[in-house]
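Several structures are given next for inspection.
You will see two complexes here that share chain A, one where it goes with chain B and one where it goes with chain C.
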Partner chain A sequence: MPTSVGIGNFRRLGEVLTVLRIAFIVAGLVGVIRSDANAAEPLEESLRELASPDSDVVERRLNELAASGNAALIPALEALCDARLRVAPDGAVYYTAPKERTLRHPLTGTIVDPQPSGTHEVEVNNQIRRQALPVLAELKLRSPAEAVRMAAAQELDGRGDAESVAILRSAFKDEQVKRVRDAMALALARWDLQSTDPERQIAALAIARALGTSSLKGELKRLAGATPDASIRKAAAQALDDIESRQHFLDAVGALFHGISLASILLLAALGLAVTFGLLGVINMAHGEMLMLGAYATYAVQMAFERWLPGLVRYYLLAAVPVSFLATLLAGVLLEKTVIRFLYGRPLETLLATWGISLGLIQTVRLIFGAQNVAVANPDWLGGGIEIANGLVLPYNRLAVIAFAVAVAVAVWLLLQRTRLGLQVRAVTQNRAMASCLGIATRRIDMWMFGLGSGIAGLGGVALSQIGNVGPELGQTYIIDSFMVVVLGGVGRLAGTIVASLGLGVINKFLEPFAGAVLGKIVVLAFIILFIQRRPQGIFAIKGRVEA
Partner chain B sequence: MFARARQRLLEMHSARAWLGILAATTVILLLLPLSNGVLAPSSALHLPDYLVPLLGKFLCFAIVALAMDLIWGFAGILSLGHGLFFALGGYAMGMHLMRSMAGEGVYRSALPDFMVFLDWKTLPWYWRGFDSFPFALAAAVVGPGLLAMVFGYFAFRSKIKGVYFSIVTQALTYAAMLLFFQNSAGFGGNNGLTDFKRLLGFSLHAPTTRLGLYVVSGLTLLFSYVACRYIVTSKFGRVLTAIRDAELKARFCGYESTHYKLFVWTFSAALCALAGALYVPQVGIINPSEMQPSSSIEMAIWVAVGGRGSLAGPILGAWLINAGKSWLTAAFPSAWLYALGALFILVTLFLPQGIAGAIARLTRRRS
Partner chain C sequence: MRASFLLTAMTLSLAAAGCNKTEEAKPTATASAPAAAPAPMAPAADTGPIKVGILHSLSGTMAISETSLKDVALMTIEEINAAGGLLGRKLEPVVVDPASNWPLFAEKARDLIQNQKVAVTFGCWTSVSRKSVLPVFEELDGLLFYPVQYEGEESSFNVFYTGAAPNQQAIPAVEYLMGKKGGSAKRWVLLGTDYVYPRTTNKILRYFLHSKGVADDDIMEKYTPFGHADYQTIVADVKKFAAGKRTAVVSTINGDSNVPFYKELGNQGIKAEDIPVVAFSVGEEELRGIDTKPLVGHLAAWNYFMSIDTPENKAFIDKWMAYVKKNNLPGGEKRVTNDPMEATYIGIKMWAHAVEQAKTTNVDAVRQAIGYQKVMAPSGFEIEMDAKNHHLHKPVFIGEVKADGQFHVVWKTEGPIRAQAWSPYIPDSAKKVADWTYPWVCGNCTEPKYVVINRHA
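Entry: the complex of A and B
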């Protein structure tokens, strides 16, 4: 039975948790005993003497602190170097966090209460700094926190002196996490490439090739150009080649990914446009403003959550999807009922009237929300990304937009192909008079499809708010591209719209690096104009008789 | 010979209408300049100097409205690309104005200021020849005309029409705007071309030069109107109207509709470019914002308000809307977009034939 299995699982999970908890407590106790009984007292003593005016004493104390290897010392030592370490009249030392005035305990970092008075800054000179920095680096490289070790490795890489390299080399041997190891290997390889020892250089070249990062390109170029040893010159050139071709490949993959995510937005914008254009033969110039309304609805939902449901803010996006859809659907239905329906059969006038509507919508949004862009935040679960290779990160928000667009396209396809409403829509698209004779309420279909088209654009607005700027003129920037998708994809064909938006999105992003965004747009436009020479009905023309 | 000319003139307009045109021409080209140039500034009927370039600008817009009406009203093609032709004509004139003041810019260089700023050493090839006024004027008309011809050839050949044509022309204009925004395109980027000093040796800041430009614009409008009227009342014009109303039937009767549309499209673009060339010295600046999709659509609303297919109506529409715009953007800045938006909706819903259509209906009812 599923329930018993579930309970069994829970029970097992509970056991695991208990074991873990005990393990934690034991580890914690050991830690406390070690640091408290053996280390903390002398450490604090040593820290106190850092305030000593005698620099020999300070030096000795620094060496003791380094030997302790305790990561809790890092903030205090950092404070010492930045002249943020303060000493009280009783000799106790405290530090303040950067840009703060409150005193903190040197080892625990907790704010001391009550705040001791009469503290003064611990004098620090460059000699002490020079001695403290390697100690600090050593402590950081051995810190239990991965991020601290990573940052320290990168910092030392930037410093690039013999002392830093020596510290790195010894830490590298004990490092376990691959990410940090790679960062350390990079720094070591950079150093060794600059050395004059051929053996070291060859070993470093192998590492550089294995890492494949472009940050070593400068050193490799110098090595490939000016080294007496021909074999090293050749190996460096080869490594450089490797890295560059890898970089090109990664750039291409990145462009493809960006193209697909742009295509998803275009798809969401153009889907509704294609459906209404196919059905009614009118171009809705206010369609871009539906994107804008959807994005602003997302913003409004975010504000509402911040004010009334602050605990659930990270889930505001889930609520924004239906809210934006319904809001824009309603706007679309209203638009159809009040304006569009009186202009059927006059497509050019519809174009002008809907342009007028878009002006009104833009101005209204400007008056309510201001002319500036508003800040729509990514929820934390959409922050970050998957690093699929060194230097190529696929951000979660863009992945989510792609998945969302696919889901909407599938839903629209199901609606058009598998429901009664979809059947009627297709019938009206093919032959309005005949469909009407067969008893289909064509006017009602028009209204709902117009609303649905606007609603899909509203969903596009939600997606857009996660990867782009949200401002009153947002719709204007996407509308022309989505018109081009409709022109290219043909009217009323879902497959055409999908292929056209993918094509336009990807071509745009591929042209951008070497042609620039503008020239890319012009090339795409020229391509479209030439394309409709051959296939005036778009990629997937409806077969059979189409009204001219 | 004289009798035939008279006959043709009467085909274009009734005698009463000609009298009306004469009256309008007298007011625009004689009385207004006289009131500015001759009457003392203290006189109540004096036209203040600052209004002259504004009225001159309106005359240029009227030429644009004529060009739009010619293809929309008589060929049924709604272009959203006339802002491009207008701006290209303006840029050609602007380039001449920049060249004519070589060495007098902020940097005292032979190159225009923005090129010095970009650290360019030589003039790009497409700026050559613009030192000469006749060349610049010819380029202002022929360049955009050629662009229109090539674009139109491909578009009409593949039977792009209706809203398809509108949005493709809009995309063309948009792409051109992006191009002109680029500094590297060599047209001054964002700021465009401005700070002009003189045209053919006359200072552009002198009131007499401004009055002169106003009169030239008025004359151009008059000739454009007569030319357009001539075209639409000729046999060519009637075929064009036939194509507008039933393209397939016209084709079956043996008229190659592509050629007719291509000619009128190119003519309209060139006319629009001429208006742009006259506009730039009067407003003293040309920049890529003239190519915004919204400016082209505003041109369409002048025609829609005035009344498509009437030639005189769109001129009136252009004047009314621009007068309203000048007043509203100064008096109630945030209301202007609402007013314009409402105008788009109300005119298409309730005045499908525009002001001209409404007047015609009223007079018909009375008679």
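Entry: the complex of A and C
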């Protein structure tokens, strides 16, 4: 069993250090007349102690700072939470703005000149963050920006103490924007539910009924069960019911979104295969590696931007899309010209050859980039998400992948239906001999088709790099899913691929909460096997004569 | 199916080709002597190099983690050789690659002991690989040093465990999160990859949480397959579950699934100060390949962190970086040290001390000598081998992830803790004793068993 005696020792040591530090600061103030006149301000002195190694001292200082209610403290406190606060050897604290290195004065925000040397980072941990965030939220309740006030109200929901509730109440009176008012009302209601004044409780229950989230359920259950006042019991039960039905609806919307998001990934992974396997009939075991190459091309573009265009690095992803497409398209064309074209009509040999190629590609990438996964960062504009309701967040990267999947699917459809190449492709897939008779260079079409399928896989790789890991074995995890989608959808049908990925994605996500991730996958697999037994041609069968 | 069968067949044949080569290249003087003979070795055998087996996956899924253990083992052996070797003989590493293939681990272990006549083996990472080689080491009476934190519930006469048992990692981490500093968690999500280590650890944790008065309603246990990448539903569930009570997540997710998991946490707006996630399989090496910004503030519990500020650790890191540079290892300056590397280092040092003391590499003699052996560890503590249960006494550190991929230690034990091979929280295990000292000669029993003299006859 671990002992916690160590903590006590640290605490005592911390206090000694703090006393020493205060003594030191005072001595410094008395002994040396410093040019920085602000140093004597009590606020700044409290700020200085945020650098204390003792979390309890920091906690006390944070409470003092909160009591001051001074909005000038916001940047310094934000810097504390983000580990951007720095302390100089003389105990003075400074902060740096995000992604900057220059030290700023903690209260005025002006760049300090000359820059103090030998500063080190003020260590921050969850305990300090948990203390600092409500303090920050209290200060931010009067911010001119609506989003900031909103976030502050949400932060204080369930976090605040009696003091922050008083601040919240006064801010609520002045608040004009309905969205923020609602958030504040909810935070206040949570507090009022625990009050002993029945009128307050009833009012809070009305708010809880209209706006409440499942985090209120515990408190409401208590009120519905053991309150002497029957009207409160009833109101609590009603609020509970409303919250639960709202929650069920949100759960369903959430599952639907997650399903569509999974479907978009399946679609991007399978769309390229739908072209090479579906239209061309090549059992391409190296398809997964095309996804992998696309993801590595994204990584390469990111590295190139970091090295040569550091100012534009947040937009590297936009450049990665065409680069990955072209790189994998070239790889596909090369593959077709050197290997695949000699193996048309011999499925077993194609399977073995492409599988060998896939091993070769994995090993090549491992030799160049190493066996470790590489870090493909989400650009900051893809981080985070929009909260459409309390508890349901749609992450931007998922939304972007969905939009991207739709765009790619539409582009492929347009290419096949609206261009000359598409017309020739359809002709070749439907009747190769006849197409050849009519003067279509079928060999060339094959080459471009294979290249196109690989290029689409490359685009899938760009999307996958934003969701999962980028490593040499990336393709292996998606190859089975890709074949599953294409076979289920019906070989040779793009619409089938789209419907199949949507179906699989949504079914999977509705099953997961009940069955768990492992069992969910098994159930889906069993479903596909049964389905293929009943309907070997897949959801959409190609009508008419098709040569094998 | 066929594809995977062929793949396995190819890997096997490649691996076999590889090991034939080593055999041809290095004929041994002791080739005809019986394996691990109880009698002192013939003088002729004492003049050649001492062979040391290194059994880590250098290809396949586990290569990511295990390669650096092979590297640090070679570094330590080089260090011992540079100081004159052991008993006047040089150490000769025999590196084999079990290719993340669990049955192949057993084959390679047999090869190391029977054909290569290694004096000791350092190896394995996953529990399933350890379970695979365990019968081989017990049958042939070999010595294995296992350097990774694991689920406990095991003690073998032939294995020395230099990683943490659950009471040296999982239990203290949960206790920390229960305390005020950790955020006074009342509700628990036990999240893991679906195999023996997470299942057993979570079983122990569930019993432990019960003992602390946590009801089953406040525990959510979920598993995902190896390589799982879609954590949308699970993270949304965690959020729902966390509404109302302070919640902490205990993650035994293994391997690269951690990246999509943490990314999803960040994107769905879960902050470490609201719902902290403590991980038992995420260390510096695992963070090296990923963007650590969304992870800041989440926790890990280990017996060593690279960021620990002790002279011993500085020396260890300097030695490692110099070794990386000299051998031009991939990754270069970005290479890091981590807990299993420290455990490998301690294990080799400890074995070397025991050999010096026993004046032989004989398995029985070394096993006797190794109990109570002490090594000054990079973590700054003097680590002792427990003669009874074959585990190390280790300090526990809890660290929060920083933006640079290192850990900021927020809690540590005052000193090393003795490992509990059998968890006292599982009713069936609580009665069990792991004790390899007289009169108990048993790693899994409830009453004394006695030494069998002549077990090799």
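Simple rule for what comes next: the second predicted complex is superposed on the first by the 365 of 548 C-alpha atoms of A that agree within 3 Å, B and C clash if a C-alpha of one lies under 4 Å from a C-alpha of the other, contacts with A are read in each partner's own complex, and residues count from 1 in each chain.
As a working rule, a contact is a pair of C-beta atoms (placed from the backbone, for glycine too) under 8 Å apart; a residue touches a chain by one contact, two chains touch by 3 or more.
The shown structure was predicted, so the numbers you read here are calculated from the model rather than taken from an experiment.
By the touch criterion stated above, A:Val518 is placed in contact with chain B and with chain C alike.
When the shared chain is aligned, chain B comes close enough to touch A:Ile532, but chain C does not. After overlaying the two complexes on the shared chain, residue contacts for A:Asn469 are found with chain C alone; chain B is out of touch.
Shared-chain residue A:Gly118: touches no atom of chain B or chain C. Contacts of A:Gly439 after superposition on the shared chain: neither chain B nor chain C is touched. When the two complexes are overlaid on their common chain A, residue A:Arg129 makes contact with chain C while staying clear of chain B.
Note on chain A: of its two partners chain C and chain B, the one contacting more of its residues is C. When both complexes are overlaid on chain A, the residue A:Ser261 reaches chain C alone and has no touch with chain B. By the touch criterion defined above, A:Val339 reaches chain B but does not reach chain C.
In the overlay built on the shared chain, the residue A:Pro53 is in contact with neither chain B nor chain C. Comparing the two complexes, residues 355, 359, 516-518, 521 of chain A contact chain B in one case and chain C in the other. Every residue of chain A that touches chain C in the complex is listed here, in rising order: 1-7, 9, 55, 83, 123, 125-127, 129-130, 133, 213-219, 247, 251, 254-255, 258, 261-262, 265, 285, 355, 359, 370-378, 383-385, 387, 391-393, 395-398, 467-469, 471, 473, 477, 509, 512-513, 516-518, 521.
Those residues of chain A lying in contact with chain B across their complex are 277, 281-283, 339, 342-343, 346-353, 355-360, 362-363, 366-367, 476, 480, 483-484, 487, 516-519, 521-522, 525, 528-530, 532-533, 536, 548. For chain C in complex with chain A, the residues that touch the partner chain are 3, 6-7, 59, 61, 63-64, 67, 167, 171-172, 175, 179-183, 194, 222-225, 227-230, 232-234, 236-237, 239-240, 243-245, 256, 259-260, 263-264, 266-269, 272-273, 276, 288-291, 293-294, 296-297, 299, 330-331, 396, 400, 402-403, 408, 410-414, 417. Residue ranges on chain B touching chain A, taken from their complex, read 72, 78, 151, 154-155, 157-160, 162-164, 166-168, 170-172, 174-175, 178-179, 181-182, 248, 293, 297, 300-301, 304, 334, 337-338, 340-345, 347-349, 352.
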